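Note that chain A is present in both complexes that follow, paired respectively with chain B and with chain C.
Then we have the complex of A and B:
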């Protein structure tokens, strides 16, 4: 029988790995809307981590921010620019 | 592209390895992960947070986190609130003079049109009151259970956001949730936070007794303080007032930013462009 502490730590490790993969996908994704969704997934996993680390206050504020407010702000901003990052990638803005 | 992939992957791996090394070498004490038990500092806060026998230290709230946030470390939270509202002031300054009122009167922006499907709209109609109720309970019980003003306020801000995305910004404006009422809500919240922080001092000015800014419970050299209970119900002095006012301020502030962000680009340009406006 697995102890509860071990199970909690295992779940934390799993959440950490999921958040790492989501971060990697969010950084590399060229379609910004899909990148936002990966990023929201990563912050949702962080909310679970905060709960497992016995910080329910932070988890309570992280759930609305991670699922609702943060993706919404970024989606509004993407709507004002372009959806795709383009081939130039890190060439930066400034060219009209 | 290949270089970018390699850089991202290697920087992530280096981050994970560095953090793992730091934790195994004792960055969080002698154990790689936080202990399930209670540390010395935490046990001191837990001992004093609802302990009427120690009037010097107690905050009269069973929720140690809210007690730390608004009583033991109240000034820190005040300045965090100030930073958040300076950001909103910046957004307001950028969008000054731009209003959706004129676009609302356009026939092409009729309230009933647009938005997502009927299923989404019905679900949103059911969910929006629930979100408001849950967020209000998070804020009002903030001094008893996990939660508080910021948590409740950010949960409440999801409700107008849902309406804004699923119906339209014009629907939200037609229900009276526009820039001015949200600005008033935010100002009421901020003024309430300042008045609560100064409540004991203001009473002290009139009664001639010693009192401190951000005072919650009576202290030996400052006999004034806010009541811990009202007719048997624990309100933890200033904590309930701080939570309620922070709830109003955060909900109003977030909603205000979302309304400003959702103003269409053409409307903004018509206000900035001036002469080209038809």
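Then we have the complex of A and C:
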């Protein structure tokens, strides 16, 4: 029979692994809109983590800010500028 | 059961430290300014989660699961306060993190509109192209 403590720590470890994968995909993704979506997934997992770490007030502040407002503002910025990260590769060499 | 709890909590801490590393790579090495903003938000959020995890009372092998730092009785007696001080997590990192989230929101909005202005002036958000234009 699994105990409540172990279940809590199990969910914490699961949230940590999911946030690690989401951060990796968000940083290495070339399409910026998909990177923002992965970043929102990572923020959702962090909100669950705040709740599990006994900080429900932080979770209440964090959900609208980091899951709602950050992706909305960054999506607005991407819509106004350019969508792809534009991997220049060798073009950025020593052509000064 | 205590070793299993320690193992699972260490998985959480190690993945947070790896998140710090990955987001620092994103801030320093990726060329796009928008990607730098995304990595910066991930970095500040990870720092906040680490601060909350430091204040968490139930580091592995607790006797009972900790409670949020909220007193639920209106007129607590000495026994209530003693039990509360033994059980509740540390409220100081939570207050600091609340401030940090709000300040991070303001800083991110400032950086977003700075990036928008850079795009309007130079026509790109790639720092390599911007550096070549300035040079």
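Just a few scattered comments:
To be clear about the criterion, the second predicted complex is superposed on the first by the 88 of 96 C-alpha atoms of A that agree within 3 Å, B and C clash if a C-alpha of one lies under 4 Å from a C-alpha of the other, contacts with A are read in each partner's own complex, and residues count from 1 in each chain.
Criterion: a contact is a pair of C-beta atoms (placed from the backbone, for glycine too) under 8 Å apart; a residue touches a chain by one contact, two chains touch by 3 or more.
Since the structure is predicted, the reported quantities are computational estimates derived from the model, not experimental observations.
In the superposition on chain A, A:69 contacts both chain B and chain C.
Of the two partners chain B and chain C, more chain A residues are in touch with C. By the touch criterion stated above, A:81 is placed in contact with chain C alone, chain B being left untouched. Of the two partner chains placed by superposition, chain B and chain C are both touched by A:27. Within chain A, the residues touched by chain B in the first complex and by chain C in the second are 5, 9, 12, 20, 23-24, 27, 53-54, 56-57, 61, 65, 69, 73, 76-77, 80. On chain B, the positions that touch chain A within their shared complex are 1, 4-5, 8-9, 12, 16, 33-34, 36, 65-66, 138, 146-148, 150-151, 154-155, 157-158, 161-162, 165, 254, 257-258, 261-262, 265. Within the complex formed with chain C, the residues of chain A that make contact are 3-6, 8-10, 12-13, 15-17, 19-20, 23-24, 26-27, 32, 35-36, 39, 42-43, 46, 49-50, 53-58, 61-62, 65-66, 69-70, 73-74, 76-78, 80-82, 85-88, 92, 95-96. Interface residues of chain A, counted against chain B in their complex, comprise 5, 9, 12, 20, 23-24, 27-28, 53-54, 56-57, 60-61, 63-65, 67-69, 72-73, 76-77, 80, 89-90. In the complex of the two chains, the chain C residues touching chain A come out as 1, 4-5, 8-9, 11-16, 18-19, 22-23, 25-26, 30-32, 34-35, 37-39, 41-42, 45-46, 48-49, 52-53, 56-58, 60, 62, 65-69, 88-89, 94, 97-98, 101-102, 105, 108-109, 112, 115-116, 119, 124-126, 128-129, 132, 135.
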